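Each of the next two complexes has chain A plus one other chain: chain B in the first, chain C in the second.
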Partner chain A sequence: MSHVDPSAPLEGKPSKATERKLKNEARTQIVSFVFMIFITSTAFLTVASDVIPTHFAIPFILMLAGVQVVMQLYYFMHMNAKGNGWINVMLWSGMFVAALTVAALTVIIGETKF
Partner chain B sequence: MSNSSTSKKSVLWDWLTTVDHKKIGIMYFFGGLFFFTIAGLEAMLMRIQLMFPEMSFLHEQTYNEVLTMHGTTMLFLAAMPLFFAFMNFVVPLQIGARDVAFPFINSLGFWLFLFGGLLLNLSWFTGGAPDAGWTAYAPLSTTSAGHGLDYYIMGLQVSGAGTLMSGINFLVTIVNMRAPGMSMMRMPLFTWTTFVTSMLILFAFPALTVGLLLLMMDRIFGGAFFDVAMGGNVVIYQHLFWIFGHPEVYILILPAFGIFSEVISTFAKKRLFGYSAMVFATMIIGFLGFMVWAHHMFTVGMGPIANAIFAVATMAIAVPTGIKIFNWLLTLWGGRIRFTVANLFALAFIPSFVMGGVTGVQLAMSAADYQFHDTYFVVAHFHYVIIGGSVFGIFSATFYWWPKMFGYRLSESLGRWFFWLFLIGFHLTFFVQHFLGLIGMPRRVASYLDGQGLNEMNFISSMGAFMMAFAFILLVINVFVSRKNTDDVQDPWDGRTLEWATTSPVQEYNFAQTPLVRELDAFWHEKQFGDGRMKAAEPLDDIHMPNGSILPIIITTGLTVASFGVIYSTWSIIILGLLINFGAMFVRSIKEDHGYHIPVSEIKREQGEGK
Partner chain C sequence: MADQHAAANQPLPANPEKATLEGRNKYLGFWFFLGGETVLFGSLFGAYLGLRGSTEGAPGPDELFHLDLVFIMTMILLTSSLTSVFAVINLKRGHFKKLLVWMWATVALGAAFLSFEIYEFYEYYHQGLGFTVSAFASSFYTLVGTHGAHVAFGVAWITTLLIRYRKSGITLSNAPKFYTAVLYWHFIDVVWVFIFTVVYLLGVGG
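And now, the complex of A and B:
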């Protein structure tokens, strides 16, 4: 028990439950990967085509980027897995503080005085 | 290298390479104390200069440098490292862990702090220290002559990187390394405040890093972020600095709150009153700490609505702080209070800090702040909260945890002299400064004219400062003369938390068997309802320990060399420094290092000796 080498390769076969879980996970990964490719190409097309006006394209792309970041964190970086409660807490509270700060700064630095 | 027991090393090499949280804590303590002494001497120089009107003890330029370095050193290099000392030493013990989560990073954080601090203080010998105040507002800082401000920028960047690492390290340690049964709501209050403080560090220090980076660009690489003529904006620097700076003052006070919670409940022999309210108050203070930065900038001209919002948010902080004050009072209520030196500091903290808090609410009224701004009233306010809060906390913790850290008790009688002299000196120095400010003495100015009613109070203030300095000398003497008090050091205060369940001095592996925590105040619970010893959560087994490493010093040296290159804009030195830095990081990454094991036989032998 005591002298376990953490970098040693795993031995034996995975259980049925583990196999099922891995299979599910692989499917989610592929689905989210395809979806993210779709989002990326949408963003590209928004800029590439002349049909969509700029004042719509910029906020739209930013929104897509936000979705992409969240998907990246939850599906590829496994923040949705169990035992990541604190990571979620820290990440979102950090984002909240940063967003609030930036929002306040955009209002109070400038020509207009409030 | 892997799985082998380390051979005996020389003492010096052992301390240079250690990754043991206790040794790093002790090094933080002495590092912090060193800078505390330097910054204290700078304060004395200022008080001598201000003792009489129109003194010429210090040249104006020198006064500006001393003033800047006093503030910068006290906050970044004295108060924070001293808290880190106790956090490092105590938190793993309080949660029943063998070490912090990342021992190597811990060591790296310490050396970055030390080298950053030395780099900053080196500026005294290379043609002048920074002279733009600890805030280094642009454009004063961007146009300051000489290399002083460059040392400020690089010194704080290096030590700030270390602080950020330590903060992350504590977060991971507290989330992941708690002993079985130690749920979040069973953690001692000092561990809780360390946790919230580390969150503040994690979120606040990046703002400082960005502010300093922009300053560096402007000063050294010809940027124009704060150059109004080129379309820059100087007010953005103030915002960036205070977005960091306000959480920073809570980084300085929250650990002290934790220390007082431990000390007061131990010496009142009572469980802390309103534990969960204390925890939530800590979190709310931490949260509000990010919402109030602009109250440092009321007179910048942000406009009435912005001022009003930040004023109200600032006043809201009085609510959770008030909750804490009342909880401490109610912990004392009906307790069997022992007036040890540690507790004296905690008891003196309550009224002193409340006075600082009251002037804080006064300053929060933005309309009135136009009157107070940049006067000695502000100086009095923040010294009341920083000395009456943080420094009292540090001294309280020093007396409280000294037996655990060094294996002997500090003398109580000499300690009482120290306490009373320091307390009286402190109030003498800063109480009169409220009135100096109200009658219009501006802060940060090297002298004042005769016949303006400022003479007497300035003289009283300087005398108080001498008393504090003398008291501090008594503390240093105490450290040396108390070395014989080696009896009753394991649990001298009849402690409540897990650190008192270890031996004194603490064994390298802290706990031979990870303890099982059954209640809040785990050790006290076992004393009352168990057999007075912690129950083990695991069988006695070989203990896996991390290997020491010299790499943190090499990485830090590389970064310091590169900083010199930046200060003197010499590319060859920058590249050399970064090569050393990344080279050492590379070695760390590819070298396999699994640590070593302490065999059961050795643990049993040491346990036998312990009894």
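And now, the complex of A and C:
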């Protein structure tokens, strides 16, 4: 590995273990995709239907969005993979600051009234 | 010559995108960038939530938004997330042709999403929602437009990669580039989940 040429095409197949891992991964991802389609449709139907009261619909669709985002981050973007500690730190601190910003701006602008 | 021959037959590692130090650095740095992007969108969401009630007599969310159009756009973007997942799986399996096909599919879906968004903004403009008519209009166009700009950038980025590496095969130097582009694409979808929920669904139902 001392004279590795990064622009040389990689050849051959992944190992049996990797192949098995990829197969499981693909299955998990397809299942999560179907589930995400399902919760997205649920969120749209909740708002589109007149039967469901607003005070239930709002927290419910926000929760569905949270579930979907976590699934994207962990199953599609592999944040749950080994050795991704710093990646989790970076994204979740970003989320934390973003949540504070949303809360602060909503309250401040909401109080000022433009 | 002997060295070159050895290099030309490199075996495929389990994670080609993280097999070199440069690849690992790109991966880590890119997540750092995504943390920053989260904060950028957080501030735009905050501004929108604070201002969305200030329509100043101009059309408001409940008059403008059509859930059917937003639903189609959401499905397109969600599907493009899946096609880019397939691209990464083929990258790790060493199937270069399939990687290119799934990436082109992602680009096509991204372009479809963008054309729907342009149509949508065009419609709103003709219904009297100019950028400066109300605080709601400005914050809406800024938030959703910034997301749309990210989609446009993602489409341009992936297209550039696909043209640049159309014949090269998977290499240790281009694997991290395809991988980070896919991460960016998923992030675009993550932001859209919040947009369709907070902007469109709450705009119509809340």
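Everything below uses one rule, namely that the second predicted complex is superposed on the first by the 88 of 114 C-alpha atoms of A that agree within 3 Å, B and C clash if a C-alpha of one lies under 4 Å from a C-alpha of the other, contacts with A are read in each partner's own complex, and residues count from 1 in each chain.
Operating definition for what follows: a residue touches a chain if its C-beta (ideal position, glycine included) is under 8 Å from a C-beta of that chain, and two chains touch if they have at least 3 such contacts.
Please read all numbers here as calculations on a predicted model, not as lab measurements.
Touch counts on chain A: comparing chain C and chain B, the chain ahead is C. Of the two partner chains placed by the overlay, chain B and chain C both lie in contact with A:86.
In the superposition on chain A, contact is made by A:14 with chain C only, not with chain B. Applying the stated contact rule after C-alpha superposition, one finds that A:40 touches chain C and leaves chain B untouched.
Within the superposed three-chain model, A:101 lies in touch with chain B and with chain C [touch as defined at top].
Chain A residues 3, 5-7, 86, 90, 93-94, 97-98, 101, 104-105, 107-109, 113-114 lie at the interface with chain B in one structure and with chain C in the other. Interface residues of chain A, counted against chain B in their complex, comprise 1-3, 5-7, 86, 90, 93-94, 97-98, 100-101, 104-105, 107-109, 112-114.
Those residues of chain B that touch chain A in the shared complex are 3, 171, 175, 199, 202-203, 207, 233, 235-236, 239, 243, 290-291, 294, 301-306, 541-542, 544, 592, 594, 597.
Interface of chain A with chain C (complex): residues 3-15, 18-19, 22, 25-26, 29-30, 33, 36-37, 40-41, 43-44, 46-48, 54, 57-58, 61-62, 64-65, 68-69, 72-73, 76-77, 86-87, 90-91, 93-95, 97-99, 101-110, 113-114. Chain C meets chain A in the complex at residues 3-4, 6-14, 16, 20, 22, 28, 31-32, 34-39, 41-43, 45-47, 49-51, 54, 67, 70-71, 74-75, 78, 81-82, 85-86, 89, 92-94, 96, 135, 168-173, 175, 183, 186-187, 189-190, 193-194, 196-198, 201-202, 204-206.
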